[in-house]
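In order of appearance the chains are A, B and C, and numbering begins at 1 in each one.
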Amino acid sequence: MLSVSDLSFSYDTKQALKDVSFRAEPGRFTALLGPNGAGKSTLFALLTRLFTTRDGQIEIAGHDLAKAPREALAVMGVVFQQPTLDLELTIRQNLSYFAALHGLSGKDAAMRIDAALDRLDIRARAGEKARSLNGGHRRRTELARALIHQPKVLLCDEPTVGLDAQARAAITAHVHDLAEDGLTVLWATHLTDEVRESDDVLLLHQGVLRASGTARDLTGAQALNDWFLEQTGTPV
Amino acid sequence: MKYTPLLAALLLAQPVKADEIWVTNEKDNTVSVIDVDTQEVTHTYETGERPRGIIFSHDYSVVYICASDSDSVQVMDPDTGEILHDLPSGEDPEQFALHPDDRHLYIANEDDAITTVVDTQTRTVVAQINVGIEPEGMAVSPDGAIAITTSETTNMAHWIDTETQELFANTLVDSRPRHAEFVKDGSELWVSSEIGGTISVFDVATQAEKAKLEFKIKGVHPDKVQPVGFELTADDTHAFVALGPANHLAVVNAETYEVEDYILVGRRVWHMAFNADKSLLFTTNGVSGDVTVVDVADRKAVKTIKVGRFPWGAAFRPTE
Amino acid sequence: MTRRFPAFKAIVLREVLRFIHQRERFLAALVRPLIWLLVFAAGFRAALGLSIIPPYQTYITYETYIVPGLCGMILLFNGMQTSLSLVYDREMGSMRLLLTAPQPRWFLLFSKLCGATFIGILQCYAFLIIARLFGVEHPLLGHLTVLPALILAGLMLGALGLAISSFIKQLENFAGVMNFVIFPMFFLSSALYPLWKMQESSETLYWICRLNPFTHAVELIRFALHVSLSPWALLWTVLAGAAFTVLALWGYDPARGMIRKRR
């Protein structure tokens, strides 16, 4: 479970987040919906402790991120918006590097890496440089990598940016499957077609959480996209 | 009581005297004494004016020093540094050589174009031989039969029969000969020419030139390459040649007469002396006022020791 | 604690692999000091030897003199290169990946610093070997005693790079670092000229050189390469290293927000 309470953050004078509170439950795909500049990236940076704030509290699977940052980070998997594969290294080297950062090494790490490669069906290409992968595969590799240490919470920060429609659909479906298997998923996006009716939705706009609930409950008869545009004040 | 002899022996053994290198300082009118082991100056003794050539008697009981501007050869007690007496030397003695008889000094008198032969026992001049203008280098063959004087202006090596004290041959060398030495058991005579930048090698039996050494250092103008003093290694296979303002020693293969190496030492390197087993070489560096210690086997300068101003000659003195 | 070692190893290994893969960087790292050694030193025409200053026991050629300075240059460039790659890493996501590892941040940065220093030292040794092949020799034992000096100097300059990277907002600003850090540090030091020579031309320049931590890094290397120790240089290098480390840790402090960018 991921729980955020009363989180605020400012860049110098500009308030980026104001009193944000929410919970993302295990087994649920929670979509963090918001237009560009809504504060999604700031929220992700705070959730991954790239920087910290004194206002508010973040708990990752029961670990307070401020008080026990290492325990909290250890149960968290992250797919960043920016590409994080080292293109000069092989796919396996990339995964080993990540495993080692989490203190995994030797046989244990090798087994987990093989499992991840199998899941992606790219074990045969493990020796190739990451550069040889196409955009969709790179993202999938990053996703597989984020799961190597078997996290309880998966954070995805606009992971479909730059992917073609097919790859986008595939990876969105894959993460939905992961949520169904019991993972807590927080998925930031501004693209409503990645959100299913049964998903939990958090609507973030101008640093404030405007709405939360399942997509179905929030939108009623409206299409999600129309509702989103209406809520964020963008003319239809 | 039974410890007394041991104690006495210990007391007598103190201080342990080490091998020494003696260096004349042309501008300071002193000699510096360097301890070979610690490679530090242990004593500095006053001498006459402008000391240059320096030689020990065979038993090392006295040291002869050419005091050029005092127009004398001084005899010093090396244990005390006290000048015992002067020898008549003719005017402006620069370099000299001790005859194998340990008694006669052959002295080059630069200003008079004369070589003076002095008997160190009777302290009298035995002979004066007219040679070329500005004689400088002096050498006596190991068998004592031949003495050599080189003259700077005439550019010649003059061959003197020590029986008759008369010249029996003159051989041309390159410009401004500085130093002469019999090497390889007296079978060869080497003469360095400062301006010519060469060393001429003569066959002693025929007085014929058999080779000429030439030097060339990358990055140093040829005018600065001026060979002066030189010494051969213990096995006579290599020669170390001081190249004056080129600040380098040349290591020459004494069989092929090819230069094998150059070693950077101090400024205007002039003369040199080996230690007892000839594993170390001490060069006098006139302009920089120091002595560089060269490891002979490694062909590397290992240390440079500050001495007086314008060190010139060097001589070795073993532990008593 | 037991889980830290794999992380340390992986971060160092990644730095090494990255370095090996950047062949141009490796080549440039070797060629740069060699050009100084072979071209600049030859042009300097000091075949007649430099005056004796500690740690030298006798006259040395200019080539011999600048070798420690060029080792310092390798470490300086390496430190700045590390800084550059950190800024690059930050623009890409690799830095986020690193900093979200469940390890203390100082430890992650220290590992990174060690990796960079290790590469710098490899380059120094490669350079020393090549210099030796060109006849610029140092005592054999000195190649061993120089190791701790290279480590300290490498860490100090790496920490400087780290500190700088935390304050550079964008990759484009990096050219400024080259102009305002590398060149003054290198030229206003004892790397190319003995300080007494500097003093002859300007007392002010001399004091700037004396205060420049790079001078002390170079002197530390110079003495160590001749199997001796300069306590003063050691002190300065360690102090400067500590100061840069504190600065870097402050720069990367999550409460300050190193990735904090105005949107």
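By definition in this document, contacts are C-beta pairs under 8 Å (C-beta built on N, C-alpha and C of every residue); 3 or more make two chains touch, one makes a residue touch a chain.
Protein names from UniProt, one per chain: A = ABC-2 type transport system ATP-binding protein; B = PQQ-dependent catabolism-associated beta-propeller protein; C = Transport permease protein.
No experiment lies behind these values; they were computed from the predicted model shown.
Which chain lies at the heart of the structure, taking centres as C-alpha averages?
C
Going by the touch criterion at the top, tell me which pair is linked by more C-beta contacts: A-C or B-C.
Looking at A-C and B-C side by side, A-C shows more C-beta contacts.
Round to the nearest whole Å and give the separation of the Cα centres of chain A and chain B.
87
For chain A versus chain C (Transport permease protein), what separation do you get between their C-alpha means, in angstrom?
39
Would you mind pulling out the distance in Å between where the CA atoms of chain B average out and where those of chain C (Transport permease protein) do?
Once rounded, the distance between the two centres reads 49 Å.
Out of chain C (Transport permease protein), which residues touch more than one other chain, so two or more?
none
Considering the complex alone, what residue numbers of chain C (Transport permease protein) touch chain B?
Those residues of chain C (Transport permease protein) that touch chain B are 42, 45, 47-49, 51-52, 57-61.
Given the complex with chain C (Transport permease protein), which residues does chain A contribute to the contact?
11-12, 14, 16, 37, 41, 45, 48-52, 69-74, 76, 78, 80-84, 86, 88-89, 93, 96-105, 109
Considering only the defined contacts, which chain B positions touch chain C (Transport permease protein) in the complex?
Within the complex, chain B contacts chain C (Transport permease protein) at residues 217-220, 224, 246-247, 264-267, 288, 290, 292-293, 301-304.
Which of the residues in chain C (Transport permease protein) come into contact with chain A in the complex?
Against chain A, the touching part of chain C (Transport permease protein) is residues 2-7, 9-11, 13-14, 17-18, 21-22, 91-94, 96-104, 254-260, 262-263.
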